[in-house]
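Heads up, there are several structures right after this.
Below, chain A partners chain B and then partners chain C, in two separate complexes.
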Partner chain A sequence: MKKYWCFLKIGFQVSAAYPASIYFRVIRHSLLVLLFVLLWTALFKIKPEIGGFGLASITTYYILVEIIDIIYTQTPARMLNRDIKTGDLSNYLLKPLDYWKYLLFYTVGQQLSNSSLSILAALVVFIFFPGFVILPSSLIYFVGFFVFSFIAFLISHQILFIVGTWSFYVSEITHIRQGINQLMGLLGGRWIPLSFFPPLAISVLEQLPFTYLFNFPLKIFQQQVSVGQMGRALFVGIIWLTSFLIIGNITWKKGVEKYEAYGF
Partner chain B sequence: MKPTVSKLVRYIRIFIILAKINYLKAMEYRLDFFSAVLPTGMYSAGYIVFINLIFSKVPSVSGWTFDQMLILFAVEQFFYYSGWIFYRGSIDHFPALIRDGTFDFVSKLPINTRFMVSFREQSPDILIPFFGSILVVVYASRNLNPSFVGVSLFVLFVLLGIIMLYNVLFTLASLSFWTTEADELVSLVDEVYGFGKYPLKIFPNFVGLFLLTIIPAVLMVYVPSSILMGIFDSKLITLFIVVLFVSWIISEKVWQAGLRHYSSASS
Partner chain C sequence: MNRYIRVLYKCLQLSWMKVMEYRVNFITWTIVDIGWILMDFVFISALISNIKMIGNWNQAQVIIGLGTFRLLVFPVWGWMFQSFNYLPKSISEGKLDMYLTKPLDAQFLVSFREFSFSIFPSIVGGLGFIVLGISQLEYLPNIIQLIFFVGITIVSIFLIYGIYFSTMTLVLYTDRLNNIANIFTSLYDASRFPKEIYGIFLQRIFTSIIPIALIVVIPAEALFLKPNWLIWVWMLMLAITFNLVGRYLWTEGLKRYSSASS
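For the complex of A and B:
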């Protein structure tokens, strides 16, 4: 297990070696928050409350969307695709390590580095612009937010790992990967809170695993769910995660059976 | 006159050859080539669902209707995709040429270096979403009945807007001669260009001014879109022409200064 912690450290160090890309990523995400806040400010001039949201709650929503979006990454699919295409996967298959665990720990290390500055930036906004954001009044919602964000990260990681295993069959998956990433965002509430959708669409979307990516963690932060609902959602979320782990295991094993590489 | 025409024909031929090479490279992975429509389609679907849901709650966005917002979006996407088809891949790759020391292989070719740096790498896989954005413009303007003059001016300003966007991105990429973070700057400005799909009125005065002049994201999208809608704002049209020329002059000056500053990696 010690070796996987080393991969976490390496992922962190590789990402931290290019601090400029972290700074620019924070600036890019901040620009998106600014854009949505300006748009919604213009909308709230027509109506003071839209879809149950006011300016402060919608600003909070988009700040958290961008923070969560920084946590997610397409690295599992990208790295697996690269390793299969180049044949580097053989290196990992010959070594006494589990490729999935290596990928997970490396990605966690990388994202810890990438998201550290954005969390700092968010704290600055929360402290110096209290009128623009609404914080939970109870610790349980803070804890729930972090727990569900972690589950969301694992679900996202696993979905993209499964997409990465398609590289065993189609070599180049860049656009497929990006398309699925966009789809997860659309169905997960990245563009707009799911509560804005028609009731029938909401009832369908809330059954899908993508609701755990943005919508549900943000509902917890904004105290729009009860503790009981959190508990039920945790159970369902773990079932989704387990299902994706099983599917990922199957697609990985089938892919490795088919895998061929030159050299050695 | 003759040498200029023959030079132009020569560069057109080279451009076509580059386009063929990039097409063959893209078709090496056919499924990925055709699946380029996935992320672009999902992004477009996301935006259209987003503004649909907004318009289900409010009658307009700063006085702009749904179809007008759709035109802004489609024109912004058209600029984005046309950039990627023709020059964006090359501009993105340029900082790496400087960093890796392989710029010499490009600069020593018997061809204009700026041309090679700008058009060597193209993305023909973006053609499908590119035509998709044109269809969205046609759909969104179905109730407008623009005149022939209006459509012609719209096409003209769209072409000029492509050049304006190219000038700005090329200027930023040319900063690679001095800094290793130029590619991050280009990506950052890309994000700013996304502001162009929203009406000018939503931006406070100082932000609007910035988006009309320094990074002309809104100017580039707003002027041709408003012409198509039959709105002829002479001040903004004049500003468009001025910014276009200024951006070209700045891009050329920065490029030439960068070439003078560049020291080769080889002896």
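For the complex of A and C:
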């Protein structure tokens, strides 16, 4: 297990070695939040409530969406695709390590580095613009938010790992990867709150695993769910995660059987 | 000039060949693009069902603005993002040498390296939204307005290129900056709404220093407002300025470039 913690450290160091990327990530996320807030401020001048949201709640929504989006990354699919295309995967198959665990720890390390400054920037917003954000009044919702964000990270990581395993069959998956990522965001409430969709669409979308990526953690933060609903959702979320882990294991094993190393 | 046109044609050909080589990739992104068009429509429909005006645009004008935004997605995502996305990696791996040692302008080679044809649905979607919006207007734009719309859209593409390329040149001045291609595209997403939604101070910023409030709005307004020569000339001047700034940053940045592999 110690070796995987080393990969976490390496992922952190590789990302931190190029700080300009981290600074630009902060700028990008801050710009997105600012532009969303400006747009919605203008819209709410015309009508105080749209789609069940007021100005403070929609601002909170988009700030949190950016914070949660910071923790997601396409690294699992990107790295697996690269390692398969170049034949570097053979290195990892020959070594006494689990590639999935290596990828997970490396990704976590990388995201810790990438996200640190962005999360600090978000905290500054919470502290200096209290009128724009609504914080939960109870600790259980804070804890629930962090627990579900962690589950969301694992679900996202696993989905993208499965997408990465498609590289065993289709050598170029860049657009597939980006497409799935966009789809997860769309169906998860990244771009617009799910409450803006028609009621039938909402009832379908809330049954899918993507709701755990943005929609449900945000509902917890905004105290729009009860503790009982959180408990049930936790159970369902774990089932989804377990399902994706099983699927990932199957696609990985089948892929490795088919794998031919290039570049050797 | 002929040489550049021939090379451009070759790059288009190679991009098409690559797209056809990885057909699943192509089809997936085409589906994603269609999904984005639908999502835009759902979002705008949800918005305008709740509020009748956005800034000083009515519902029909908002739909025309959305159509213009979708139309311009083709040069932004189908051309510029595809080409510029390779630049940070080329620089960090020293592969920029391949462009610098060719008997063609390196900016041209970097800017027209690759194209994506899976963004084609955005052209269809954009035109569809524009037609839908025009059908809801109280009048039809005349032929002069249509000509101005095409002309100012070309100027807008020229301006978008200048801004986008200028931001990309920053990669020559910093260490590895793989996500810089996403900075402009994030700004572009915010350009679909009229500038009146911003306060006076931000309107000044977004119509001059970072003119994102002009790139979609002015071409769209050419279809439903009277010609505003002042703003069009201003936009042309901004386009020329940003392109000159981008060129300057590029040539100065190349002086700092040292290959990583040779």
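We adopt the following convention: the second predicted complex is superposed on the first by the 261 of 264 C-alpha atoms of A that agree within 3 Å, B and C clash if a C-alpha of one lies under 4 Å from a C-alpha of the other, contacts with A are read in each partner's own complex, and residues count from 1 in each chain.
As a working rule, a residue touches a chain if its C-beta (ideal position, glycine included) is under 8 Å from a C-beta of that chain, and two chains touch if they have at least 3 such contacts.
Predicted, not measured: the structure shown is a model, and the values here were computed from it.
With both complexes brought onto chain A, simultaneous placement of chain B and chain C is prevented by a clash. By the document's definition of touching, neither partner reaches A:V124: not chain B, not chain C.
In the superposed model, A:I239 makes contact with neither chain B nor chain C. Looking at the shared chain after the overlay, A:V204 reaches neither chain B nor chain C.
Once the two complexes are laid over each other on the shared chain, residue contacts for A:L135 go to neither chain B nor chain C. Once the two complexes are overlaid on the shared chain, A:L97 sits clear of chain B and of chain C alike. Residue contacts after overlaying the shared chain place A:P19 against chain C, while chain B stays out of touching range. Once the two complexes are laid over each other on the shared chain, residue contacts for A:T174 go to chain B and to chain C alike.
Residues 20-21, 24, 27-28, 31-32, 35, 38-39, 42-43, 46-47, 50-51, 170-176, 178-179, 182-183, 186, 191-192, 196-197 of chain A lie in contact with chain B in one complex and with chain C in the other. Listing the residues of chain A that touch chain B in their complex gives 20-21, 24, 27-28, 31-32, 35, 38-39, 41-43, 46-47, 50-51, 170-176, 178-183, 185-186, 190-192, 196-197. Taken together, the chain B residues at the contact with chain A in this complex read 28-29, 31-32, 35-39, 41-43, 45-47, 49-50, 53-54, 56-62, 125, 180-181, 184-185, 187-188, 191-192, 194-195, 198, 201-204, 207.
Those residues of chain C that touch chain A in the shared complex are 21-22, 24-26, 28-29, 31-32, 35-36, 39, 42-43, 46-47, 50-55, 118, 174-180, 182-183, 186-187, 189-190, 193, 196-198, 202. Interface of chain A with chain C (complex): residues 17-21, 24-25, 27-28, 31-32, 35-36, 38-39, 42-43, 46-47, 50-51, 170-176, 178-179, 182-183, 186, 191-192, 196-197.
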